[in-house]
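Two complexes are shown next, each including subunit A; its partner changes from subunit B in the first to subunit C in the second.
Let's look at the complex of A and B:
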């Protein structure tokens, strides 16, 4: 069974010629329709997230300013990110859709959920919207689960690093954040050495890959780097920042995946869930409408019916050594930080960590 | 403490970044320091979808006008958010000894520092100078 939460953003939050546009939602919905799921598809309407839900991951001052900015008509947040008079309402409903999806899965106890919303969320930091994102949808859902005592895995296969999600959960030991992303590329964070804060060493996991990387490289990252960390972590829920801009047709980046690769990634990620009915995918990026439609169908088809994807998976691109290097760099960073902690524990002295960019340093 | 020999300045063609570049270039000229003009490439610019008024020639002209020898000016383009790019540079090999940025309107702190400036001040391992726009400075 597939639970579809939303849609949000099919008409509102429209930046004109901007690539993050309402037509993306129609393309994703068309991808769902292509599966012809019949009674196996259950649609649940989004509801606005409550302020307390948002305050788990965003500063109240930022929420107030963003709402006020949108109510006044909006404008440009930065060179990439726009706000319109309908953006606040859309963003709050997008953030609430994940909560609705979780409730639906808790009731059904089976299947997976797809949260079809925009604006996307994974770049949004505690006190700042950026990279097309205003509120961090996947983080709102993960924080709600953590508040109920759950351990949450977030897999982010969007082509861009989810700096906002990483920042929000930097010191949260009950959230394991795993990201594969093109490097170098916006936002410039997501190095393997970024492993989480002193209270959560190892719960941030980054595998940057070079332009041209194919699906087999991302699967290698999942199998060789992510899987051992996930097994040790033991998640109760698996949330996916499900961007489709790593597709080879996407105009915003240069990875070389096909829809068939997203199907394979979905199967791998679903296997991380320890129980049925504990997998939620959140639409993030993906700016070629045909690729978005095909990738949506392939991803969800792999989860609810094992339908064959419209494109075959890809092999042979660069990045295999980058994955191995990321594993080494991550392991070294964890050992070094752990050694420092052990050394100062014996002295009963505090270890301080200089803030890193995008990890709360701006607050 | 000695005077900085390597200065990095964030530049995106905005009035705020031009003010920062002018200030940094004046300092570099006076100290005979090298200046690295850093432009961070965002999502839209990476895809060729943004026509930002960013010109290397203009940046070099501003530096030259402040008395910096052309050989001491380096134009540097990096992928990322301006804050992450400048922090990464400061943590990398051959880091700058001073970072200079301008200010943009901050949604959360209107009238105060922009979020890039605030984040840099918090995380950069070297001194950071935040230059106000010309109208506020006057």
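Let's look at the complex of A and C:
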């Protein structure tokens, strides 16, 4: 069963010729329709996130400023990010859609959910929007789950690094953030050495890959770098920052994936969930409408319909070495930070509470 | 980032640290490419002073022996969005510079490259073009323009081979080159081949054993 939460942003938050545009939602919805799921498709309407939901991941002052900026008509937040008079309402509903998706999965106990919303979220930091993102939709959902005692894996296969999500959960031991992204590319964060704060060593995992990387390289990242960390972490829920801009037709990036590669990534990621009905995919980037439609169909088809993707998967591009090097750099950074922590602990004689760690460390 | 990145002294606001990288060039050496900074002025002047007259002529269309103070300031102080310059370093020695300048209010930018005589024909011009195109795309620029002297065969060949659909227009000894920087399939394929070569062994040597 597929739960579709939304859509949000089919008309609102329109920046004119900006690539992050309302037509993206129609393209994603067309991709869902292409699956002809019939009664296996359940659509749940988004509802606005409550302020308390947003405050788990954003500063109140930023929320107030963004709301009043939008209510006054908006403008440019930075060189890449715009706000219109409808942006605040769209962003709050986009953030709430993930919460609705989780509720629907909790009651169904099976299947997966796709949150079809914009503006996207993964660049939005605690106190600022950037990179086309205003509120961090996936983070709002993850924080709500953590508040209920769950451990949450976020897999971010958008072609850009989710600097906002990383920042928000930097010190959160109950969220494992895993990102594959093109390097170099906007926003310039996401080095393998970025592994999380002292209270959450190893719960940030970054695998940058070079321009031209193909699907096999991202699968290698999932298998060789992410999978051991995920296994050690043991997530209750798996949330996906599901951008489709790593597709070879995307105008803003230079990776070489096809829709078939997203199908394979989706299967790998679904296997990270310990029980059924605990997988939610959030639409992030993806700026070629045809690629967005095909990739949506392939991804969801792999999860609920087991349908063959429209394009075959890709292999042979550069990046295999980069993945191995990321694994090494990450391991070294974990060891160094862990050693520092041990040194500090031995000075503070009675250690009553030790931080949780040990992800992907000494192997 | 994780936490806010601490910037070293001399690194200006908005400096895109993510555009820094190490790559291998055609002679096997590893070079560092990064955005220019205001404190690169002395390095830029030293670079310029050791270029052959021919290299300078191809870049400036005249024998421009020394950069003026105004030019140095203009070249080193950029906003990293509408105006960007990237420098290529071998150790601490500057061996090339490339830049784009957005044409006021449009989605087009003019590009220019200058590679030291000792480092020509090693793929550095193409490297600069790839990196500049990526950065420009991020800021909404879709087309690059350049002017090249018609007897600058190396530069014209570089444009022909890069993988973008290049249009040329010849007039009075100058070739005007214009191309969309959308990463079309031909470009992606060419770029993937170049990246494989650029990354060979990178990340393995400088980091010790494991």
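A few points about this structure:
By definition in this document, the second predicted complex is superposed on the first by the 348 of 363 C-alpha atoms of A that agree within 3 Å, B and C clash if a C-alpha of one lies under 4 Å from a C-alpha of the other, contacts with A are read in each partner's own complex, and residues count from 1 in each chain.
By definition in this document, contacts are C-beta pairs under 8 Å (C-beta built on N, C-alpha and C of every residue); 3 or more make two chains touch, one makes a residue touch a chain.
This is a predicted model, so every value here is computed, not measured.
In the superposed model, A:342 makes contact with neither subunit B nor subunit C.
Using the contact criterion defined above for the overlaid structures, shared-chain residue A:62 touches subunit B, although it does not reach subunit C. In the superposition on chain A, A:329 contacts subunit C only, with no contact to subunit B.
In the superposed model, A:232 makes contact with neither subunit B nor subunit C.
In the superposition on chain A, contact is made by A:77 with subunit B only, not with subunit C. In the superposition on chain A, contact is made by A:130 with subunit B only, not with subunit C. The residues of subunit A shared by its contacts with subunit B and with subunit C are 79-80, 163, 184-189, 251-253. The touching residues of subunit C, counted against subunit A in their complex, run 1-3, 16-21, 81, 130-131, 134, 137-140, 182-183, 185, 188-189, 191-193, 195-196, 198-204, 207, 210. Looking at the complex, you find that subunit A touches subunit C at residues 79-80, 163, 166-167, 170, 183-189, 194, 196-197, 204, 210-214, 248, 250-254, 256, 317-319, 321-322, 325, 328-329, 331-332. Looking at the complex, you find that subunit A touches subunit B at residues 19, 59, 61-62, 65-66, 69, 77-80, 127-132, 160, 163, 184-189, 251-253, 354-359, 361-362.
Interface of subunit B with subunit A (complex): residues 12, 40-47, 49-50, 52, 78-81, 83-85, 87-88, 104, 107-108, 110, 115, 118-120, 122-123, 125.
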